[in-house]
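You will see two complexes here that share subunit A, one where it goes with subunit B and one where it goes with subunit C.
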Partner chain A sequence: MKANNRSLPQRNRNSPETSAVYNSRIIVALSFLVAIIMILPIYYMLYLSFSARGKEFAFPPTVIPKPFVVGNIVQAMKGDTLPLWPNFRNSLTYAGLATIGALLTESMVGFAFARLRFPGRKILFGITVGMLIMPFVVTLIPRFLLFKQFNMASGLTPLILPVWFGGSPYGIFLMRQFFMSIPYQIDEAAKLDGAGPWRTLWLILMPQALPVLVALGMLHFAYFWNDLLGPLIYAQKQDSKVLTQGIIFNFMSNWSPTWNLFMMASLLMILPVAIVFLILQRRFRQGFLFSGLGGR
Partner chain B sequence: MAEVRLEGVSKVFGDNKPVISSLDLTINDGELMALIGPSGCGKSTILRMIAGLAETSEGNILIGGVRVNEMSASERNVAMVFQNYALYPHMTVRKNIDLSLRLAHVKKEERIARVAETAKICGLEDLLNRRPAQLSGGQRQRVAMARAIIRKPKVFLLDEPLSNLDAKLRTQIRTEISDLQKRLFATMVFVTHDQVEAMTMADRVAVLIDGVLQQVGTPKDLYESPINSTVASFIGSPPINLFSGRVCREGGKMLITTASGSNLEINCSINERILNRELIVGLRPEDLDLGSPNLQGLSGKIGLIEPLGAETLVYVDLQIGRVGFGDETLSADSKIGQDLVEQNGKSINRFIVRLPGWRTLRVGDNVVVIAKESARLHLFEPESGMSISTSRESR
Partner chain C sequence: MDFSNLIRNPRSSRSREALAGYLFAAPWLIGLAVFQIGPLLASFAYSFTDYPIIAKPKFIGMDNYSRMLGDKLFLTSIRVTLTYTVFSVLIYVVASLFLAMLCNRSGQGVGLVRLLVFLPSLIPPFAAAVLWGWMFNTDFGIVNYVLTSIGLPQQGFFQSPSQALPLTIILGFWGMGSAFLIYLSGLQSVPTDLYDAIVIDGAGLLRKFWHITLPMLSPVILFNTIIGIVISFQVFDLAWLLTRGGPANSTLVWVLYIYRTAFEQFEMGYSSALAVVLFMTVALTAGVIFRTSRWWVYYEAKID
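Take a look at the complex of A and B:
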């Protein structure tokens, strides 16, 4: 056997095949590293969520928390001081209405920029794109003062209402790019069939934009669902507080935070978004491909 | 159905040169008119102006005797079949066909009946529940036609509807459209850059070059009596052979003498006034033959042979001088008929000869191009490019 092995031609370490194998190994190793970095916080979150009170940071650490407390799920929903259900309902109202508003208005504005010819179109679009680099905090105080003038600075309305007037520049840009990728002859065919711009948008273009709407809707929903800064400013009353506020006030407001319940509540909070994402992830990727903004 | 009349129609984009200038054209009721011309000549713009998808800068468009310039696209009651069919991808064939009726609030029972009738006409009965992505190119084309037919429009406008199909399917759909047009007695305007489509389908053909209407006539008129060298070179495949020459009489024979001094004998009677004048001479490939070297003709070398089965196209390289077009009036696209190549600094005119059946010829063979007894001679003014007889009439 030895003699046979010796008679085989030695593989050159610098040959293209060998370097390709090494390269792919390096890529796999790096991918693992990145995956671990990404997964580790989620694992730690899960670990803390099922830990018993006072045993969250036990040393030496174990792979699975001991004891494994499933009852934290119910305990977290009940809250330390107040139940989280009303906050959940408020979050759903805020994220749901804001997402619908954003998608509707972004589609309409995107359609106008992509298809309608009106004076000042290019300038307006330039301003919209310019808004992409504008940090949210810059408009925070002027917006608050504006709503205060109208006696509307309390509750969820100041958070939902602006979204119904154009959504985000990013969404407008994304929708415009998608509509521009649809051949203009489709609009012309609809025009000959008797459809005006409004019907062309709703009957012809919007159904085709479904993957983009799903992708954009998920991004928006996740943003509004996780929003803390906005509700901290406007949703001061107890009955309008959202989940992010509820979790903080319940589990983080005293000198010794209940880490296990805090993590469990956070886990329960991201669960709906994660489940929806997992179900719609194919559509989500398609959306970015169709809009011409995605990679492969 | 209705007659379509364009009166002095012009189209200008911005401050640029007009894309269409002062176009006068009448498409008769129940006629299939083909608009033909090279890419960018403005033929699709004409169609879009008739449809109401593009505004008219000047002039009037009349459909059924009514001026429609200010009417919207849907009010004009015209249907259009687009080059890429423009089917709604998220709708089934049924919904694609049905949409115009739904938007017009036609009753459901009537809609169902009309969809069934149209589907039958276009052979789509089994495909009504499919989506465009599940159809072949030919089927999509038929859906686009069905979408046009169901509205019972006054005019059908077809913008290069066959250009996305393969050669075999193109021939099939060509026949289907012609049949349909005759069955419905529809007024159809058909845009194409493919002259075979125009010649085989149309009742009349309008040739458009650089936004200017060159000639309108039956395919036979255009082929046999082109108004100028541009139309002559555009109509006919393979294209006409154009070259500079003089028509002379020598001992009772008519000869065409080229710039390089070669003579081509031709059997025709020619007006005395044009004898010995420098002209553009046009001869169709089927009017030429290859003869033995002792015959009086144009000698050259075979540059290329294209055997097509029923016929063989032979490309012969001749040194007979460049064709003298009025360069300012004609674009590069319009000089299709002359196939000039440079060899050793001399310009070589590549002649196309169409011979019946298979031929045992080789590239590089020395041959003599002769004109057939029945050859039809086309003569054009060297400056304006106008046909000799036509140019005299118009003056």
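Take a look at the complex of A and C:
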């Protein structure tokens, strides 16, 4: 499945080898340039993170902050007023449980739409795809009022619970496309061995879906991990606040924001997601590859 | 647990399959009703009421909708949102394709370049807003420092009504990681032998792109265009965090205006009407794009 078209021009009759080398040099130079442009905000983030307090915006700016304060890492974790560990735990709970719930139910629903025939399937799938375009503000207020009626509008539950009911239309769509791309013969074989749909899904199809689950899981996790609006509405009590709230509360108070620690904390927050991405990079792309979005 | 065992005496394998279908889809069917369609209908119902959150909603017919036509701020927000959407979708769809094609090769450092392209979209919006805010600060920002030190005039950036919106659009460049990833996977699935064939015919880079990459990728382009339109119409984070809609309402996007009427003026009824119109606009735009797709999207002979 490797589409490596860059190695092909050696066979090109019209352009000799030199032109191929020339082309690939341009491409390497361009990607290098792009990488530099893309890295600018990250670089600036790093710069601010290791600056001393009050020296973040010193004139004239230097390439490396002076002085270079490594201690900011510990300071940022400690927090200015309250430690960030409880927030970290809450973020992990929210993003973790929501991601698991989304992946489990999206797989089930995607499987139903791809493999099981039931009356109304087509129209239900149409509505599901239609939900892709639902603006979040449309459901924001009624959802809040709904949870309020059941006295559940506080804490992490109203953020996690809806996700366990089918995750997102995007995820269902993606899982359905993936299951559609697996040959039916596999199901037939499982059926002959006496497996019902439940066992076919979890034991036969899900192991194959690992790459797409990794990709989707990363997108979900990153979304919940960075979510601010949801927690602002529901997680207002101190003991349920998440990392995004904790960082703002600790370092962005109106009278004296600590910009260096704010940036360091934000940086530390990205770190786990970035590391996982780097490790799973190959599988990540494969996930989309098999999803059928490419060849549909 | 095996659900199929629950049905001891199935009339036929067909009804057993249908039951399994409903059971598997059950979480979503419940979620769809309770968390999507329900709230959508509720919003629709509230849009015909006067609903200050402290009092009960009062039915006022079409008043909210006729009020929109004369609402200068609303008309401004539509203009801002449309401008933002047109240019952002262009960046989201075209620039990310360009980057994905650059990164679609094997070789040293490609993995790193991919990570660097994707990384900025992982920055949480509130941190990104602070970051951009400082970089483009009129008086202390690093960008103005560079500009003035090479002899160019200082710019207003987020404080200038004519620059704030274009700048917000350009910053979207750093947030297109997901489109980039989807293109990358799309490019990987273009069969290599197609390129082999056209190269033997003596085609250069441009013809390869025009005759193979573009048609083979058109379903993915359609997908990214639709997703791009949906997110652009709903832009909120950056506009709220960076400029609060200013200066002079030049970045007052639609969702920000909805947010304000709901959570600052507490006019839930009018805010719901604004949300309903937004929903219809997005649906209409996506529908039109889908309709035109039959002329420009190439599907391999594969029938669902």
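Here is the rule we use: the second predicted complex is superposed on the first by the 259 of 296 C-alpha atoms of A that agree within 3 Å, B and C clash if a C-alpha of one lies under 4 Å from a C-alpha of the other, contacts with A are read in each partner's own complex, and residues count from 1 in each chain.
The rule is simple: contacts are C-beta pairs under 8 Å (C-beta built on N, C-alpha and C of every residue); 3 or more make two chains touch, one makes a residue touch a chain.
Model, not experiment: these values are computed from the prediction.
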Touched partner set for A:I186, first subunit B, second subunit C, both or neither: first
First (subunit B), second (subunit C), both or neither touched by A:R199: both
Touching partner for A:A29 - first (subunit B), second (subunit C), both, neither: neither
First (subunit B), second (subunit C), both or neither touched by A:I172: second
Partner chain in contact with A:I275 - subunit B first, subunit C second, else both or neither: neither
When both partners are placed on the shared chain, which of subunit B and subunit C touches more of subunit A: C
Which of subunit B and subunit C A:F111 touches, first, second, both or neither: second
Partner chain(s) touched by A:M152 [first = subunit B, second = subunit C, both, neither]: neither
Touching partner for A:I64 - first (subunit B), second (subunit C), both, neither: neither
Common interface residues of subunit A - those touching subunit B in one complex and subunit C in the other: 199
Contact footprint of subunit A on subunit C as seen in their complex: 1-5, 14, 17-22, 24-25, 27-32, 34-40, 42-43, 46, 99, 102-107, 110-120, 122-128, 130-132, 134-135, 140, 142, 145, 174, 178, 181-182, 184-192, 195-196, 199-200, 202, 204-205, 208, 219-220, 223, 226-227, 230, 233-234, 236, 255, 258-259, 262, 268, 271-272, 275-276, 278-279, 282-283, 286, 299-300, 302, 304
Complex contacts: residues of subunit A adjacent to subunit B: 183, 185-186, 188-195, 199, 203-204, 207-208
Of all residues in subunit A, those that touch subunit C in their complex: 1-6, 8-9, 11-15, 23, 27-28, 30-32, 34-35, 38-39, 41-42, 44-45, 48, 56-57, 59-61, 105, 108-109, 111-113, 116-119, 121, 124, 127-128, 130-143, 145-146, 162, 164-166, 172, 180, 196-199, 201, 215, 219, 222, 225-226, 228-229, 244, 247-248, 252, 259, 262-263, 266, 269-270, 273-274, 277-278, 281, 284-289, 291, 293-296
Partner subunit A, residues of subunit B touching it in the complex: 51, 53, 72-74, 78-80, 82-84, 86-90, 99-100, 103-104, 147, 151
